[in-house]
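Two complexes, one shared chain (chain A), two partners (chain B, chain C).
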Partner chain A sequence: MRQQPLLIVDNLNVAVSTPHGMNHTVHNVNLKLEAGKVLGLVGESGSGKTMTCMSLLNLLPEKAEVMQGNIKFKDIDLLNCPTEDMRKVRGSEIALIMQNPMIAFNPVRTIERHFIETLRTHLTVTKRQARKIAVDFLGEMDLPNPESVLKQYPFQLSGGMLQRVMIAITMSLNPSVLIADEPTTALDATNQLQVLKQLDKLRKEYNTGILLVSHDLGVIAQLADEVAVMYGGYIVEQAPVLELFNHPKHPYTRVLLESRLGLTRRKMKSEKQVNVSRPNLIHSENACPFIERCGDADHTCLSYNLEFIEYKKDHLVRCVKSR
Partner chain B sequence: MGWFIIKRLTSLIPILLGISLITFILLHLIPGDPAVAYLRMSHIPPTDEAVAALRLELGLNKPLYIQYFEWLGNVMQLDLGMSYVSKNAVWDEMLLHLVPTIQLTFAALIFIVVISLPMGMISAIYKGKWVDQFSRVVAFVSVSMPTFWFGFLLIYFLSVKLDLFPVLGRGTLAHLVLPSLTLAFGYIGTNMRLLRASMLENLNEPFVVYARARGVSERRIVSRHVLKKSLLPVVTGLGMSLGNMLGGAVIVETIFAWPGMGQLFVSSIINQDYPMIQGCVLFMSVIFVVCNLFVDLTYSFLDPRIRLEGGK
Partner chain C sequence: MSLLELRAIKKTYLLGNSIFGKRKTVEAVKSVTLTLESGVCLGIVGESGSGKSTLGKIILGLEKPDQGEVLFQGKNLHSFKAKELKELRRNLQVVFQDCYSAVNPRLTIGEIIAEPLRNYERLTSSEEQKQVQGLLELVGLNPEDMYRYPSQFSGGQLQRINIARAIALKPKLIILDEAVSALDALVQVQILNLLAQLKEEFQLSYLFISHDLQAVNYIADRLAVMCKGEVVEWLDDMGQLERLEHPVSKKLLSSVLPQYPGFL
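After this line comes the complex of A and B, so read on.
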């Protein structure tokens, strides 16, 4: 039985204005996120992951704008919602965990101020009540001595601790959706594992839907139910996690998986396949975005309309060869 | 924190020794005999005998290093000597001019803070809008317009035409307005642009994105997150302005006949009034070091990273 998705991204297109014209960074992205599920979003830097996330919160950088598409959260049309309403959604309904916790906090303000400020933005609580909530949730994050953590400045804590503080702030408001943008990238292995555990707890205990963005397939494999692979602004393949890992159809997904397996023979093959050249995003009107780096590319890839091909139920691929 | 202040104040000693030695040497390299200047100021014909007698009396005939050490010994006992011109103690003379200078400086500082901080903040928030363009023009005018010209404009319009403020002199609070505004004007542009640049930089920091993502209101982000962090470079700017202004604002003082340190210093140079020059230089060095110390203290108050990590 399928429940109604919490968050529906429909045909999202984002462009960034550059001195050379509008640069499309996100193309026709469709995503659905359900409560208690984790949707993984994989791709290399510049593939449009962060842009997609930021459009969900209506927090795109100044130069970027949504050209087309719809984002629906519960019954709210996020792209056409008044600024003040959007502000109320942020943090309380849709929360964000940032990539680099070391720079996500204001260095001249204590953790306590960050925490209390967030709580008091969304709840009518006194400072003392807010403080109590903060202590409780920091404790739940297995942070030793929450009282003293609150008094610290961000630079006095480690990246892993800050990431857990961020998760604690998120949990305290019990959002329906959490966007975790590379939550483990800046952390060492031990901290990574702990953060992943906490995210899992969030999903299980609070039934939060998580959009987990990462370039690390290991992280995705541990948490995600479904995975979308992004390349050059397109979702090139989308499937349930096991299906994707066992039967990758898009050449780029295969390259990603192979490079992760790290077998020498395969690695060499993949290095040959993956050309170092970056996709030239401005001139990719009809051609497959992966064409320059794809080992199997031929003339059919030049005039591919980039429609999704349904390989099997719930497994979509954007590659003309997979037909 | 206490240690920090003591350390900084002890660093004053070598600085003052160095500065006083250099000015002492430079002074004696200036052509012209101070004894001759002294006699002229006292309306005594500078005959050879008179000059020789005076040189003996003032100790100017002794070797240079002995003169320096004698002066230094007196300074240690807080005796800066006697002015060749007024025959008063240098201390008394300086105190007399110090009060007007402090009045002028702090009035100007208030103008600088009250005008440049809000304007810098607004132009950062409304970057590229007409407010920003306007403040850019103000900044350019402030930096490039000569002080004396601005002073004359103020006198012409506000005193002569509208008769709002007295033209010159010192006395009531109204006397203070035009000189301090003139003095402040040159510093407004720099401090305004400093705050604007620093705020724009901070508005692009990830912590602002995160604050927005937590739903914090824009007003609060600016006032609580960005402003405090952006004030750091402005504090440096203000501290330096403060030092400069306390050292004397010769032009402003001259235009408005304001009896401050600047006038005292310039006239002592013209008259070759050695003890007075030395006294003024010493005073300015102390002012600069103290202003720097003040800036650092404000810094550590504003930025916990310095307070908690640097203060070891």
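After this line comes the complex of A and C, so read on.
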């Protein structure tokens, strides 16, 4: 029997108001996240990944708003949740790790103050108890010398260490869902590996459901159980990770997979389908979002209803050609 | 004669500004010796803080080494006066990681790319326009883009503009300091392909500084691994990455994520 999903995003639509009118940045997004599973969200910058994450936490920027859709976490309707209740959900139930750990911390406060503030906001613990929890979780994240890390200021730690401190803080509240928005993009290769190992540990030991956002298929490949590929605000393909890597159906997914570098001897990767220009998100409602960059596009892609096609069980594609 | 030769370069930075006692020092680069032949791409890899970027800055003449000399085309870069240095620098260009802060947001793309041309060549405005448009086409952008501003471009496009500016004077050597690290995976491959193609076309040499062994492997001909300010290992044939022996090289090699599911 399948588990009841923790988080269900149903038909989410987000639009941002710009001087040129409403820019529809997220279209009909459906996601399900189960406990102990990792859902990978891949896409290039501007594809709507971060907008999707921010609407989960009700943290959209002022100019953006949810036009349509439902977000259900356990039994709470997150989109119509009163502000006070939402504050309780954030951090303790749904946690967020951002891309750049350097700007996520207050530079004039020690790590200890960050920890204690977060813990005492959500739990009724004394400062001493909070401190003990902090030391335990820093040790858990394999940070050497947790006691001395607590006394340090953010600028005294490296990016990789800070990101692990960040994970330790979020995990000390034992949230059921963790949103990791490009958690390793700002780190170098060796730190990236360590942070990924920590995330893997969380899902195994604490049964946390992780929404892992990245533009790097290598990162997604290592952690995700299921992958959703985003392009131009749409989820264009969604499948279990092995299925997606072995049988990519959408042309964009294929381009992404072909452009992986790896360590095999270089050969010139073909670029024929990939146009340099970024997609203009304000365009015809019915056309396929990938039409400008797709090598196989023809007139059928212009009148395209953008419904998912079920290629296989659990493998959904938004491309008329995949029929 | 090699295009570039570094002899026992050393650079130490002072930390903090305490009035009492001895100030702390950091040896960013200690005793690096290397040569770069014309037409070769030398990759320099290392973790953050290993001294890669300091080395790049010393080669560019942006930092003065405490000891050692930098020979560019056989001449010591740091023994010249500013005026003489100008001629040498014409053949030395750089592309940085942060493409947004590398361009002036108030200049048009045309003005940005024309800046090195204006510094070194006396061109009429129509000649200049023609050259700028040619450069834009060369890096895969539209000639009309010269009238637009940096804020109207994406990161990948801006990095193309930075590359166009770097090759405007047909330099001998370009320092690429984490030039693709901040870009999306797909855009990275496009920029690397562009760099490889330009290298062939104009006989350029690159010093490709990066923490990402995958990108270095894709473009470099030779490899130097740096750790704590020293070059700890050399590799003359990039096809033999598995031959790397030093623990630091092995660590970098093992932290490259396999591009297929199921590893952790």
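As a working rule, the second predicted complex is superposed on the first by the 312 of 323 C-alpha atoms of A that agree within 3 Å, B and C clash if a C-alpha of one lies under 4 Å from a C-alpha of the other, contacts with A are read in each partner's own complex, and residues count from 1 in each chain.
We adopt the following convention: a residue touches a chain if its C-beta (ideal position, glycine included) is under 8 Å from a C-beta of that chain, and two chains touch if they have at least 3 such contacts.
Everything quoted here is computed from the prediction, not taken from an experiment.
S.K.: Under the stated touch criterion, name the partner, chain B or chain C, that contacts more residues in chain A.
M.R.: Touching more of chain A: C.
S.K.: Counting only touches as set out at the top, which of chain B and chain C does A:45 meet: first, second, both, neither?
M.R.: second
S.K.: Is A:300 touching anything from chain B or chain C once the two structures are fitted on A? First, second, both or neither.
M.R.: It touches nothing on chain B or chain C.
S.K.: If we overlay the two complexes on their shared chain A, which of chain B and chain C does A:256 touch? Say first, second, both or neither.
M.R.: second
S.K.: Could you look at A:188 and tell me whether it touches chain B, chain C, both or neither (first, second, both, neither)?
M.R.: second
S.K.: In the superposed arrangement, which partner chain does A:17 touch: chain B (first), chain C (second), both, or neither?
M.R.: neither
S.K.: Determine, under the contact definition given at the top, whether A:245 touches first (chain B), second (chain C), both, or neither.
M.R.: The second partner, chain C, only.
S.K.: Using the superposition on chain A described above, determine whether A:215 touches chain B (first), chain C (second), both, or neither.
M.R.: second
S.K.: Chain B touches which residues of chain A in the complex?
M.R.: It comes out as residues 57, 59, 87-92, 95-96, 98, 100, 103-109, 113, 117-118, 121-122, 153, 155-156, 169.
S.K.: Can you list the chain A residues touching chain C in their complex?
M.R.: Interface residues on the chain A side: 44-46, 158-159, 188-193, 196-197, 200, 215-219, 221-224, 241-242, 245, 255-256, 259-263, 265-266, 268-269, 271, 274, 276, 278.
S.K.: Under the stated contact criterion, what part of chain B meets chain A in this complex?
M.R.: Where chain B meets chain A, its residues are 205-207, 209-217, 220, 224-225, 228-229, 302-305, 308-309.
S.K.: Over in the complex, which chain C residues touch chain A? Could you list them?
M.R.: Chain C reaches chain A through residues 47-49, 140-141, 154-157, 160, 184-190, 193, 196, 211-215, 217-219, 238-239, 241, 251-264.
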